[in-house]
Amino acid sequence: MSPLRGALRWDTAVGVLLVAVFVTGLGTTDGFASRDNLAFAFNDIAEVALMALPMTLLVVAGQVDLSVASMLGLSSALTGQLWDSGWAFETIVPVVLLVGVAGGLLNGWLVTKVGLPSLAVTIGTLALYRGLASVVLGSNAITDFPETYAKWAVDTTTIPGTFITYPVALFIVLAVVAAVVLHATGLGRSLFAIGAQEDAAYFAGIRVKRIKLLLFVVTGLVSAFAGVVFTLRYGSARADNGSGFEMLVIASVLLGGIDFDGGKGTLFGAVAGVLLIGILKNLLTLNDVANEVQVIVTGLLLVASVLTPRLISTVSEWRHRRAAAATSSG
Amino acid sequence: ALAVTLAGCGGTTKKDSSDNGGDVKATDAKANPDAPLKKGLKLAFLPKQINNPYEKIVDDAGIEAAGEFGGKGKEVGPSDASASSQVSYINTLIQQRQDAILIAANDPNAVCGPLKQAMKKDIKVVAYDSDTAKECRQLFINQASSEEIGRSEVQHIAEQLDYKGEIAILSATQNATNQNTWIEFMKDELKKPKYKNMKLVKTAYGDDDDQKSFQETQGLLKAYPNLKGIISPTTVGIAAAARYISGSSYKGKVVINGLGTPNQMRKYVKDGTVEQFSLWDPKKLGYLGSYAAAALASGQITGAEGEKFKAGKLGEYTIGKDGEVILGPPTVFNKDNIDDFDF
Amino acid sequence: MSQADSTGVPVLALKGVNKSFGAVRALRDVSLELFPGEAHALAGENGAGKSTLIKTLAGVHRPDAGQVLLDGEPVVFHGPANARDVGIAVIYQEPTLFPDLSIAENIFMGRQPRRGLGRIDHKAVRSATAALMGRLGVALDPDRPARGLSIADQQIVEIAKALSFDARVLIMDEPTAALTGSETARLFSVVEALRAEGAAVLFISHRLEEIFRLCQRVTTLRDGRWVASEPLEGLTEDDLVRRMVGRDLDELYPKQDTRVGETALSVHRLTREGVFRDVSFEVRRGEIVALAGLVGAGRTEVAQAVFGVDRADAGEVRVAGTPLRPGSPNAAMAAGLALVPEDRRQRGLVMEMSIERNIGLTGLDRISGGGLVKRALERGRATDWATRLQLKYGKLSDHVGVLSGGNQQKVVLAKWLATDPAVLIVDEPTRGIDVGTKAEVHRLLSSLAAEGLAVLMVSSDLPEVLGMADRVLVMHEGRLVAEIPRAEATEESVMAAATGRTGKGRAAA
Amino acid sequence: MTATIEKPTAQAEAGRSARSLVDTVFRAREISIAGALVLLVLFTWIAEPRFLNDQGVKDLLLNAAILVLLAVGQSVVVVTRNIDLSVGSVVGLSAFACGKFVSGTDHGPLLVALLGIAVGMACGLVSGALVSFGKVPALVVTLGMLYIIQGIDYWWAEGEQINAADVPQSVLDLGSGSVLGIPYLPLISFAVLAVTAYFLRSYRSGRELYAIGSSPEAARLAGVPIRRRVLGAYVFSGAVAGFAGSLWLARFGTVVADNAHGWELTVVSAVVVGGVAIVGGVGTVWGAALGALLLTTIGSALSVLKVDSFWEDAIAGALLLAAISVDRIVNVRMTRALRKRSAR
């Protein structure tokens, strides 16, 4: 019974679905399996995937950060503006990352010190950071980033012999770190406790506020870094870079079975969710499936991600009840 | 290289990278003007946004044109017009080994990398409607020369107003490059002595938002009681302005001209609010793009200045500076011809 | 006293009911009959299935097998609303209020009196609530939101809700667990009145004397099985315990004599405006100090301020002589303080987490090595304490939410005892715990104290206070009004202080 | 015994004075937003008197009308501890459906409104059924519905645009006409707002929505028909969004597939700013409507003050944060003062 139920968990199901989609792609679609395409397909979701990692931790702790995409945009705009005014790239990156930390601190401060709900706060900073991005860069687009750095972000540079690009490699490393933190450390346990029952966590001596603040800071930092990667990858800094990514990040995390109410989910699920969205998009596009159909598929997957486990447990409960009735009457 | 630059000046700055990213376009291939158009060419149209009504017309016409010379066209694209969203489609088109990509770029630079890759793989790239950086495509099909659009707008409205009176411009956003170029040419044209009795009082911005443009029109008419004419070189603006005026007391007293689509403007031309307006035929734009791409893919042209190719029923075109091909002067629509068009 | 006519038709009955949750068989072939005009007690250890039985009667659970009979006819309830509509009122073990709504709305939700066009008659709702409060002898403001009510006040609202039905059957799952004597007395007199009007009453309590006071018959459950249904007349408390536990019980208050050591906790002029003021006391090693008082006297708040989850406005707390950083439970824990909170569902436990993880939560650094949590250590810690407290559970990886109320309380105790504290503050340590376990908990506290632990015990259970405490501190309306040594502590002396009838001469040092 | 009676009396007295304070705090939520709104309007008006001329006031009301409507619908869902992220898509679909329906015909506004409401109700029915009967998290489901409805809309529209010229004049008149100088749209929004507010206050089913949001478990035990109520809330929110779609058509005349794209977050922020707790059980539609009015007024004020459009987003975001922070801080202070005042 219980191993069966374990296998039917949604995050496992997303993993299986991911493999199935991948294998289907290999079998049916020309050009899907090529090194170039795979490198591209994964690299194309690198920023969303990077931001999904801290977002997973946040959502497990019952919080959310809707300002990630705006922070990406602000970081991109800043990178562009500073580069254009002659700063050295080696100076720009730390400065931009610091801005990310500051943005995260603001979110975290408003949530922990002022005591506002994170959804409300980050809807505000979503507008604020995006607004600052357009203040910084206006409607300009900055290009001509240094090839020495740009080449590390693009999909044509891969780890020799593989289709793994450097942003993706970074993602893999960070995903492992995040998985260990979430599932094998005391901090991870605390995150689950905070998400499931904040009061109880606080009464157990867990430093709830400090941990939340830390999470927001890390999210800001990673989003700012994603902004740098994005800028280099497209070779174009614009204030509207990555607009709307927040929904994509959240959709991937939710698709991976992370409970938005906090306290439940696995990092594996979130990673599988991100990759599934990326691979599916690539595969559907290769097969000339119209964009609107892709949008519908994303929606259906999200609905299925919560409906399927529900149906499965209803059915198994029902079967169990029948079995119990049978034994007690027999 | 990294070590050198670091040692050299303590960091990588913009100055160091000016000669980065060499020219990929180095096409050694010679043009063969007599080569026949290849059969079964695969052309892909990549609009700014798949739901843009205007680009839909362009692309449909292009796809139809491809049928004429035995090619196959298709339209793919994102549903949001952000800078980056076109990139994954370019990649896909490369994987699908299309013969040519026709793109209306959302961002001249963000699409550059993948387009260069496409050209490396011998996929021809033609920009239309909105150009990419020059080195990232072989041709740009320009709907009309900017100078011609700007000057002709002024000429048209001047004729309607008998060369006297106050006029205003209702533009899109403050940063729209093509709008601003046109407005510069309009101002330049107005400097000519024959317009000495005309005065440009204000340039308003409706942000290509129907409601905003509507309100801006209202504002213009309130603020400048002697206003005699409005030029709106944007399809959203001219339609909103016409809608406001047709339902107001200004109808018949204020002239509206600019760029609009016949379907949007038909009602106002028929009810007399608007006498005439202009636009290039987006169908012809698509048609020309399709033929240009086919000519490239068949080796008739390479994209060099001065080369010539035949674009079906539109006749012969010559490639101008920087690989630009100009569709031709805009069509002027009025009561007599508007029913011949449906877009 | 109208003895029920056992030969008549029961208003409500269960016949051969089975109910399982996954692998747990909570009820097996259980039958029960409730007659009009009779108060019927339901007895059993924690996890015996009492609450499950009640929820089956109330339409919350559907039996897997067996029947619910109403007036002798089988019925199927499709939900609590169904049962309510036929006149069954239920007070559940855990108060289930709407924190954001007013007390009046809480009581009449979905049944508000209406005026024209189906609109709610807000005035009538308020006055009916005020009348109910009058009947219960409390003066809670009908318009006050339920958020922030103490557990006891919440329980009173629940009682008022049940009374508002004019029900034929009144079912009460440990309604008195959080109440003090006087409130309990008031509740009983109201129940007596209802019973006299012909209502059937089903009553659960772990306080046996209450069962004997209120009820005529008792049904005993053990491990989900029916043991006996019999009149209480002629039964002794020991008989009843034997039915429940299946053996004779040891002493209930096994107070050991200990050597009192140096001061472990000292609280000096602690004040939280509007809640309590100027509270000073000491607890020494080896000592059990009880903090008594009426409901709402501010005991819980003092405990929380000492532990640092609430910030005090003034005053100082020292542990072993070192002042504690205020407002930091973390610092308190580091100094050797532990707090078993009153509200176990919100504050004591993370309901969706497993038993072992809940127990591990207070010692994350102790069960980790090299930054990583060691599963074996975590499980060892949980197994150890589950055994010591005789926790009744399926697997340690089960959610604590599925445990019975008493067993949940044990998990909270386990999680704090596992921190090896020097000072243990327990707020209502045995609320909802069965007699057997209660004795266990008392023995445990007693032996821990003997080992040198300092215990501050907040309790509303007077016999417990008298039985266990070396000293009794009494609070009245936010002030510490008396300190009574064990020898002088009697029901009268404590109650006199708690109700403010003592002269200030006896006030705490 | 006497003492027991004495004690609660004292407690109740403290409780009563506390209550009136509590009341003020809760009402303060609406008052503080209204205050912020008045300040903003006054400031802008002093800086630019034309802000409040005839047309200016009309513009303010018109700009807010549709957002207010959506905020009202959203609040009803949010008080039940759920959320409807699909509103933006529903408005888009409904506006397009209405546009397609009237295009080139002379259908009247009533028919258009009914169609819009029907489209919206259908969407709300699906979301609501999934949330209430499927017992799945609302956020995920409605995010999914956002994509699904949007996809259907795109797929149906195929890049088509409905032009004002194709829309019957009677429909456009609804969007631009007015009575006694007040445009129809804000009047309609106000009517919907008032009726909804009255319903939520004075009907059992309205109160039950709050009960569900405050504690679903308690609501279940109290016999509240949770599924029906939640479904009802979604259908209502859908209907309102659909109605907003038809008003969109009436006001703007021109519709494309992605109208109101991305509005879901604006609507949610209006609701949150207006004091409706995102965890349910608390808040009024009046507050939500004020929140919506504040958000749109910030936008209008900035453009009237000729603030560089690049700054608009940043300032709007900062103002939003300031509004909710100040409100929160005031609230905390009041609660603390209240505790100390009840000190004996």
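Letters are used for the chains, namely A, B, C and D, taken in the order the chains are written, and counting of residues starts over at 1 for each.
Keep in mind that, in the parts below, a residue touches a chain if its C-beta (ideal position, glycine included) is under 8 Å from a C-beta of that chain, and two chains touch if they have at least 3 such contacts.
Since the model is a prediction, treat every value here as computed from it, not as a measurement.
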Discussion item. Comparing the two chain pairs, does B-D have more C-beta contacts than A-C, or is it the other way round?
Written reply: A-C
Worksheet item: Which chain has its C-alpha centre farthest away from the C-alpha centre of subunit A?
Response: C
Fill in: Euclidean distance of C-alpha centroids - subunit A vs subunit C, Å
43
Discussion item. Suppose each chain is reduced to the average of its Cα coordinates; what separation in Å results between subunit C and subunit D?
Written reply: 42
Worksheet entry | Between subunit C and subunit B, distance of the C-alpha-averaged centres to the nearest whole Å | 76
Item to complete: Give the residues of subunit D that touch two or more other chains, as numbers and ranges in rising order.
Response: 150, 154, 277
Practice prompt. At least two other chains touched by the same residue of subunit C: list those residues.
Written response: none
Fill in: Contacts with two or more other chains, residues of subunit B listed in rising order
50, 79
Worksheet item: Looking at the whole structure, which two-chain pairs count as touching?
Response: A-B, A-C, A-D, B-D, C-D
Fill in: subunit B-touching residues of subunit A, taken from the complex the two chains share
30-32, 34, 36-37, 40-41, 44, 83-84, 86-91, 138-139, 141, 143-149, 154-156, 230, 234-236, 238, 240-244, 281-282, 285-286, 288, 290-292, 295
Discussion item. Which residues of subunit A touch subunit D once you look at their complex with the stated criterion?
Written reply: 66, 110, 114-117, 119-121, 123-132, 134-135, 138-139, 244, 247, 250-251, 254, 259-261, 290-303, 305-307, 310
Discussion item. Under the stated contact criterion, what part of subunit D meets subunit A in this complex?
Written reply: 130, 134-137, 139-141, 143-152, 154-155, 262, 265, 268-269, 272-273, 277-279, 310-318, 320-321, 324-325, 328-329, 332
Worksheet item: Given the complex with subunit A, which residues does subunit C contribute to the contact?
Response: 18, 20, 22, 28-29, 64-65, 309, 329-330, 332-333, 339, 341, 346-353, 357, 360-362, 364-365, 367-368, 371-373, 415
Worksheet item: Where on subunit B is subunit D touching in the complex?
Response: 50-53, 55-56, 79, 174, 210-211, 215, 218, 236, 239-240, 243, 247, 263-268
